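Below: a set of structures, written as structure tokens.
Two complexes are shown next, each including chain A; its partner changes from chain B in the first to chain C in the second.
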Partner chain A sequence: MIASDLLDARVLEADGQAVGWVVDLRLVLDGTTDGILARPRLHGLVVSPRTRTSFLGFERSDVRSPWPIAPLLRRWHRGTFLVHWPDVARVPEPDDADHPGPAVVVLRPGYLRYDATLHR
Partner chain B sequence: MKRLLAVALGILTAIGGFLDAGDLVTNAVVGSRFGMSLAWVVGAGVIGICVFAHMSGKVAAVSGRATFEIIRERLGPRAAGLNLAASLAVTVLTLVAEVGGIALALQLASSVDHRLWVPVAALAVWLVLWRVKFEIMENVTGLLGLALVGFAVAVFLLGPDWGELAAQLAPQVPVEEDAGTYWYYAIALFGAAMTPYEVFFFSSGGVEEGWTAKDLATSRLNVLVGFPLGGLLSVSIAACAALVLMPAGIQVDAMSQLTLPVAQAGGTLLVAVIIVGIVAATFGAALETALSTGYSLSQYLGWSWGKFRRPAQAARFHLAMILALVVAVAVLATNVDPIAVTEYSVVFSAVALPLTYLPILVVANDPEYMGDQVNGRAMNAVATVYLVIIVVAAVAAIPLMIATEAGG
Partner chain C sequence: MTGAAPLLPEPRQPGRVLDARLHLLDRQVLDVDSVPVGTLDDLELGPSGPGAAAGSPRADDPPLDGTTTVVVTALLSGPVLGTRVFGGRPPASRWHRVLWRHVTDVGTAVRLANRGDDLDLTWTERWVRDHVVGRLPGGRHDPDAGP
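Up next, the complex of A and B:
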């Protein structure tokens, strides 16, 4: 699997209810050292309920400027949340009979929605 | 001298925007058809590119990241890929025009047909990209490009009625032109002032020169000297054409006509100075656009890039530039008019510019990247006004181009 398989995918709950699109992946660098950096690990998916366009990084912080771009984007992406990777039940293959068409990500029942902001 | 060399990056960047082969001719066309009535657009473009380049230079100095790295990170692969395709189209089309422009300028100097100069010009550009250090490259082309100050000198030597010239500065559509054509040229001039490749080059150049937060003053000086100077020379070319070519009813369609007002004002000596300036400016713009091709592609795809690395350590970056030059020579081999090529780049510029500008504006506000160097309120107010202008120009560009048949 590569990042492009997940980006822009539609996100479904276990019962098939659509909750949004994957707008970004959150990686952490805590693996064994590979060259000069630690190997990245997929921590979770950033899911936006209304749009699959980019949030331009505003999901990470509480920056409110420049006006009016920041407030408009925040409104458009309101309800954006983070799901941890272990809460993803499965990512069906493109030729999966239950999920024909564009890529989807199916979440586990009882998955948790986390705040997408990065806290220092 | 040291101060002058410190702003070479800004001067070279501005040459690529305001005084490249296509713009040299466009400025003369505008002067001969519209007098000084479009000079205000150049003023608006100068302020716009100052705002844009200032933000991108600041982001590069403080975060160490060049513009296309920011674009890819903030827009994601899809929207950034669209931007990359449009930006590469503008940049390579301009490179085609520059290689052709060097050849035309050498024809002016030598009377040898420009088609014979094309391979020579392309090879010379490649050798500089391959061998010459970034600082030497920018200093030589930036300083020699200053010979175009000859156009400003020519305006004084022509001894115009300054009151009448100033009266022409008011924005108005001349009686013999229609409003659609006026606004088409307004957008073409604005688009030429604010091209995506200028910002790719300027921000990557800052990284090449190893700027850090301590160099913010250098960045600001480069912006505040380079672009206004480029704009001033651009207006001088239009003024020369307005003073000599417009009254004589001469329609500009070739680079050689640029020298007519200069010859009348200052004779052979000034023409020689101007030709040196044109060769340096087109050569500098060719370097700028070729490098921008390599910078934007490498930064999007995460390849190692930069002239500060040896070519073997940035092989794909150098290969991209070689391919761009091969494309330029191949296009010119079809005997296409190099100047006409740039007319169509405004379309791609319209797509690329908003998608290039927005991520830089957003990152310039992000304290995670910028620390305490985030944009202030006044800067954000001006930058947001320009975002609106850029979007309006982008939306209007294509319909106007079709309606006026590219200003015909």
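Up next, the complex of A and C:
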């Protein structure tokens, strides 16, 4: 699997209700050391209920300038949340003949939504 | 789960946090001498384990979902212009892989521990150097070496 298989995929709840699109993958460098850096672990999916993509991550940071770009982008992407990877039940299969059409990510029942803000 | 529910605070993570699109994708890749060797076009993901970075994913690999710990195994660079405009993905044979173990720093650029000449990523540059530039009069002269 490559990152593009997940990015821009529609996100569905277990009952089929659409909740948004995958706009980014949250990685944490806490795996086993591989070379100089730790190996990045896929921690979760950043999901936007309104847009397919993000612009410079304003909705995930505490940056408030330049005005009015930052507040506009923050409002445009409001509702963005983080879903932890263990809450993902199914991911898109590349070239899956049984599931043609746009790629979808299906979440587990009772999944939790976390604040997607990046801490410094 | 409803959209109106307040978001839970994200716990602090024990390691550095990176968002793939925000911090990695489309960044310039520099070799150990700070020479640009390419662009980070995609990331290869695979199950965590001792053999995670041993080779490219195979067609018979089990699907990855939340029950499997997934890690980044390699950086990918390839012909993505067409697929980004028209959709789809390049075939696996067209990707150039750089294993994550060669990455030394992630900042405004991604830095590697290797020299660019040792990477498959730069084969076109080497081919043009050997077969085109090298055959031009003076094409094998190193300007940094003096007259």
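Quick note on the criterion: the second predicted complex is superposed on the first by the 110 of 120 C-alpha atoms of A that agree within 3 Å, B and C clash if a C-alpha of one lies under 4 Å from a C-alpha of the other, contacts with A are read in each partner's own complex, and residues count from 1 in each chain.
Here is the rule we use: a contact is a pair of C-beta atoms (placed from the backbone, for glycine too) under 8 Å apart; a residue touches a chain by one contact, two chains touch by 3 or more.
These numbers come from a predicted model, not from an experiment.
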{"item": "Room on chain A for both chain B and chain C (clash or fit)", "value": "clash"}
{"item": "Touched partner set for A:4, first chain B, second chain C, both or neither", "value": "both"}
{"item": "Partner chain in contact with A:25 - chain B first, chain C second, else both or neither", "value": "second"}
{"item": "Partner chain(s) touched by A:66 [first = chain B, second = chain C, both, neither]", "value": "first"}
{"item": "Touching partner for A:54 - first (chain B), second (chain C), both, neither", "value": "both"}
{"item": "Which of chain B and chain C A:119 touches, first, second, both or neither", "value": "second"}
{"item": "First, second, both or neither for A:79, with chain B first and chain C second", "value": "second"}
{"item": "Which partner reaches more residues of chain A (counting touched residues only), chain B or chain C", "value": "C"}
{"item": "Touched partner set for A:91, first chain B, second chain C, both or neither", "value": "second"}
{"item": "Superposition clash, chain C against chain B - the stretch among 9-17, 27-35, 45-53 or 63-71 that is involved", "value": "27-35"}
{"item": "Common interface positions of chain A, toward chain B and toward chain C", "value": "4, 7, 23-24, 53-54, 56-57, 60"}
{"item": "For the chain B and chain A complex, residues of the former touching the latter", "value": "73-79, 358-359, 361-363, 365-368, 374-375, 377, 380, 383-384, 387"}
{"item": "Touch list for chain C against partner chain A, complex", "value": "1, 3, 5, 7-10, 12-22, 24-25, 42-46, 48, 52-53, 57, 63-67, 69-73, 76, 89, 99-106, 113"}
{"item": "Chain A residues within the chain C interface of the complex", "value": "1-5, 7, 13, 19, 23-32, 34-43, 46, 49, 53-54, 56-57, 60, 79, 81-82, 84-91, 93-94, 108, 110-119"}
{"item": "Residue numbers on chain A that touch chain B, as the complex places them", "value": "4, 7-8, 23-24, 53-54, 56-58, 60-61, 63, 65-70"}
